[in-house]
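Got a structure for you, written out below as structure tokens; questions coming shortly.
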Amino acid sequence: MSVLREMFENLLSRPITILYPKEKVPIPGAFRGRVAITDEKCIGCSKCSLVCPARAITMIDGPREVEFNGKTLNRKKRPQVKLYKCIRCGLCERHCPTGAIFLKNELSSSGTDGEIVVT
Amino acid sequence: MTGPLTLDMVAGKMKEFGNSELVRKNRIRITTTPDKVHDTIKTAQAMLGCDRLITISAVDNTRTLELIYHLTGPHRMVLSIAIELTRDQPAIPTTSDILPPAAIYERQIHDLFGITFTGNTNLNRIMLNEDWPANEFPLRKDWKPGPDTFYGGIKVERT
Amino acid sequence: MPEVVVSIGPHHPALKEPVNFKVVIEGEKIVRLELDLSYNHRGVEKAAEQRDFIRVLPLLERVCGICSHAHSTAFAKGIEEIMQLEVPPRAQYIRTIIAELERMHSHLLWLGVAAHVIGFNTLFMWTWRDREAVQDTVEEMSGNRVHYGMNEVGGVRRDLTPAQVTAALERLPNLEERIKKYVDMVNSEETMLIRFRGVGKLSKEEALRYGTVGPTARASGVDYDTRKDDPYLAYADVPWNVVTDTNGDVYGRTRVRIGELWESLKIVRYCLENLPEGPIRVTAPRNAPTGEILSRYEAPRGELAHFIRTNGTDKVERVDIRTPTLANWTSVAICLVNQNLADLPVIVAAIDPCLSCTSRITLLDSQTKKTGVMSFDELIRRNRSRDQGLVRP
Amino acid sequence: MAVPAAGMSQRLVNWARMKSPWITIFNSGACNACDIEIIACLMPRFDIERFGMLVKGSPRHADILIVTGHVTLKQASRLRRVWEQIPEPKYVIAMGACGASGGVFHGLYHMMDCVDRVIPIDVYVAGCPPRPDEIINGVVTCLNLVHEDAAHGGKEWRQKKAVPVTGTDTNICKVVP
Amino acid sequence: MTDPVSGLIYILIFPGFLFLFLYALFLAFLDRKIAARMQQRVGPPFFQPFADFIKMLGKEVIDPAGVDRVIFDAAPLVALAAVMTAYLYIPIVGNSPLAFQGDLVVVLYLMSLPTIVLFLLGWLSRNIFSAIGGIRSVTQLFIYEVPFFLALMTPALMAGTWSISEIVIWQQKNMWFVFLQPIGFIVALIGLQAKLERTPFDIPEAETEIVAGPWTELTGRRLAIMDLTVDVSFVVGSALIAAVFLGGPLMPWAVTPAWLAVVVGFFLFLAKTLAVLLILSSIKVATGRIRIDQLNDIGWKYIASASIVQVGIVLVMNYLWVYA
């Protein structure tokens, strides 16, 4: 009758539920959440878009001068991620030479527009 | 038959069916021909104690279609029995009468590769949609989804 | 009594995944059944031939959400063996830890689902509550609750920090206590006993003959366990036992799974305490040499086999995934005959079906007599006269 | 927003719709991960029953259809049929990357790639799979939509892609009173 | 019942239909809340059943093709009317003004009507799951109805009356029947659980087997009314058990001002129904569903024979004690 005993213990104790919108669920630091791009660091190498398994990253025009290894590069493209297409696998982060694209430990959003992009 | 299996034992038993080689630790590969497959598996079951079929793998190597039967048993070795089939009208006798689980794998291969297993009465559509065209086998290398093909009543566009 | 065909699925509350059973019943007794598993076919094997080794791992991980680490490890292991890479021991240990945590979460999940299909929602809630501890550990280590993304060819992507190891070790005693409670509950709870005992019986001979794998086979006394038979990762170093049972029914499968929870806990603890130092990956070459391998892996549901053939490029020529569920399907149809309709969800759940891995059809009885088929789908089709056409883009 | 004069009973019904969203899960060929995360929402840790949500087996009882995953060719007609069985007003949530665009399975031969090609989607939830709290966010976004639809007297007011309800989770999780 | 106005108030407002409606929804909430807390969850807010009810009323009603729409609309109303009528005969505050000799039988009869209606709905839905559910609910009715009737008959045998109000008065004079007939009380609780189709007897609507059984095709207001019927049956059933076994609203001693007696009686009624609810909720949480053939075995072998043993004991007690 361990079920009965535990049932009544639970009835008298506090529930363990996290009242989500009021109190936040702890998110570990390693959590792979929403994708983010630091535009200053990006050298436009297209590695992330090549490696993305979901083909969520497209390269759009973004001419800019960037520093890389002490040299000044003239990049032409920058990445654009379709937020709802991203599978948060972290391959772009793993293969980015400068750490410009990375996954924040934040929750992604939800919305009515399926075409939202992160640039 | 519980002790470990050595290459010599397998080669001795399988002499008439084809040559055996030790590909890596615990894996013995036997190459044989389609008409001998039934007897090879029977011998492996009876003489070498292989009571379990792990899987039947089908490979399209662009010249021929290959079937590889992976068997194991209490000796924990894996016997791979490999055969090659021609690409046009591939057919092979079924093994589902001696290995009941083979029926599922055969149906799956029949659906995706178009290999006919003679004697298996139940080779119905298995993985694909009901209205998938009858002569298209998606896992063959030369198969490409046509740009204007309709599957499932829906035009499938490819990017 | 006339035979009635009940078509269950693909949308059905007992089935969290699309599958269709056409069950022929007489009264409440099952006469025979036809399984239709093709609703989930995606063509992963074809896609795997078209993607390189970097991009194929996330794809294979998503073959199944529950045993995602199993698929990616089986593939990475096979490719490493073809490339003859020496994976560092620390990577092997980390892979083992994740694999065993995955087994624990899968078995706890299964216990909950088994309780749910017999309507015992309380146990369902409790097991899933305790599963959260495992999920938290995995999330801290890998960064995601379900698709871990830990593997890459040549090692693992993330290292374990000492803080993560201590946090994981701290969670284990609590889990241990809970597992003890579940052993107690399963052996003493009356409704579970009457629904599980003697249901879906499979003798040892049948289990061998129909090629069952994993806990289903071990519940019938067949001690096949790939981790012992063909040791991979760190299993050769870790002391652990194969759990078997002689009952052969759903009760036996429950006991095997709870026993494996216990063993997994032991393995995780050993690996965390004896985590070797060193690098976590070696750099893999871009192309793999020509070769082939049958990579076997003991997934939570049973033996998973990836047959990999490479052809010297950075893509595989063929990867053939044989999932444990597919190997177990034949035995389900054997167990189900002459059982009660009410037992169908229990027996099907007892092999822990993972249909997204499997996605295949099997039609068991070839001499199907013509009966009055009243399928749910057809009824619905008759019921609603609205537009049935699909939306064209 | 222009609120048409709603009667007392209509306001009561609108309030009830906000407070009692019953969901049904349709697995259109997904990899299970989204499904187990939805079920994890029901569990003591997150317990969505405190929002009045229940998971119903019969689509006839449901208000919100959660589609997990890309749609395989075989499931497409079934998905459409299940969607038709849900009585009005009904809402559709597409879970994860697969629901929005096929995700990692984008472009495979036995797939539709997107739920949007079969049934209209109201809310997208990002992630592969979304965490349970993200799923709750998604349902709350959907409830906000229910509220706005009720204020406008139907779904017709919102053209496709007219109202982006996005941002960080902090401003999404604001439940409309 | 001489004054028509007070009679109308009794039937319509308090303790009649309005109170019954609110109390039924409250008990439904409490049931869900207790279950949630036992599972260490927070559970729904207090207005949840009310919100569900209102929402379902506002949903679209879908007629499955080939279904007789009139019967499909009318059947839930019949079920609701039956249990609401049954409620009027049960003493809530003092004795029921409508009481007559034999109202126990009428109440029991009216309480089995929802099951018949469910069977009818399942059969008419033209859906295989509904049909199986309907057949199961009738099978279950045959199993639990006999012990339930016998268990509720034994107090009547001992009190020598077929009126619930008079059984309550008899208990006020002597002793609560729960102490005199514990076996009958337990059988009645199990029978009530089965009648309300709650776990472990939720075989007709087993979600994981047959979707929602007879409920599968119900939508909109039909679903709302059937849901309300189940909630009301809960109140009626627990009130019936409270009246027959737990002494109803009357106290063993006299309370002098009449209004105070009414108030205390009302609170006693609340306390007793809540006690019954707690027991039934605990059973629901602590068990899984059993199979219909297992229910058949258990029902006829153990529960039915227990109730027959109870009847035998009562006959002996009557001979030795009551009529001695």
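Order as written gives the chain letters A, B, C, D and E; numbering starts at 1 within each chain.
Basically, a contact is a pair of C-beta atoms (placed from the backbone, for glycine too) under 8 Å apart; a residue touches a chain by one contact, two chains touch by 3 or more.
If you're wondering where the values come from, they're calculated on a predicted model, not measured in any experiment.
Shared contact partners of chain B and chain C are D. Shared contact partners of chain C and chain E comprise A, D.
Of the two chain pairs examined here, D-E and C-D, it is C-D that is joined by more C-beta pairs in contact. On a Cα centroid basis, the chain most remote from chain B in this structure is E.
Most remote from chain A, judged by the distance between CA-atom centroids, is E.
Ranked by how close its mean Cα position lies to the mean of all protein Cα atoms, the top chain is C.
Chain C has its Cα centroid 28 Å from the Cα centroid of chain A.
If each chain is reduced to the centroid of its CA atoms, chain A and chain E end up 53 Å from each other.
Centre-to-centre, using mean CA coordinates, chain A is 22 Å away from chain D. Within chain A, residues 3, 7, 15-17, 19, 53-54, 87-89 each touch two or more of the remaining chains.
With touch defined as above, residues shared between interfaces to two or more other chains in chain D number as follows: 43-45, 47, 50, 57, 72, 74, 76-77, 85, 103-104, 107, 109-110, 116-117, 128, 131. Within chain B, residues 128-129, 138, 153-154 each touch two or more of the remaining chains. Contact between chains, per the stated criterion, is found for A-C, A-D, A-E, B-C, B-D, C-D, C-E, D-E.
Those residues of chain C that touch chain E in the complex are listed here as 4, 6-7, 12-14, 28, 115-123, 125-126, 129, 189-192, 194-195, 340-345, 374-376, 379, 382-385.
Those residues of chain A lying in contact with chain D across their complex are 15-21, 24-25, 34, 53-56, 82-89, 106-116. Across the interface of their complex, chain E is touched by residues 12-13, 15-17, 19-20, 22, 43-44, 47, 49-50, 52, 56-58, 60-61, 63, 85, 87-89 of chain D.
Across the complex, chain C meets chain B through its residues 38, 41, 43, 45-46, 81, 208-211, 224, 229-230, 292-294, 296, 303, 305, 307, 309, 311, 317-318, 320, 322, 326-327, 329-330, 359-363, 366, 390, 392.
Of all the residues in chain D, the ones that touch chain C in their complex are 25-37, 39-40, 42-45, 55, 57, 59, 70, 72, 74-78, 80-82, 84-85, 103-105, 108-111, 116-120, 128-129, 131.
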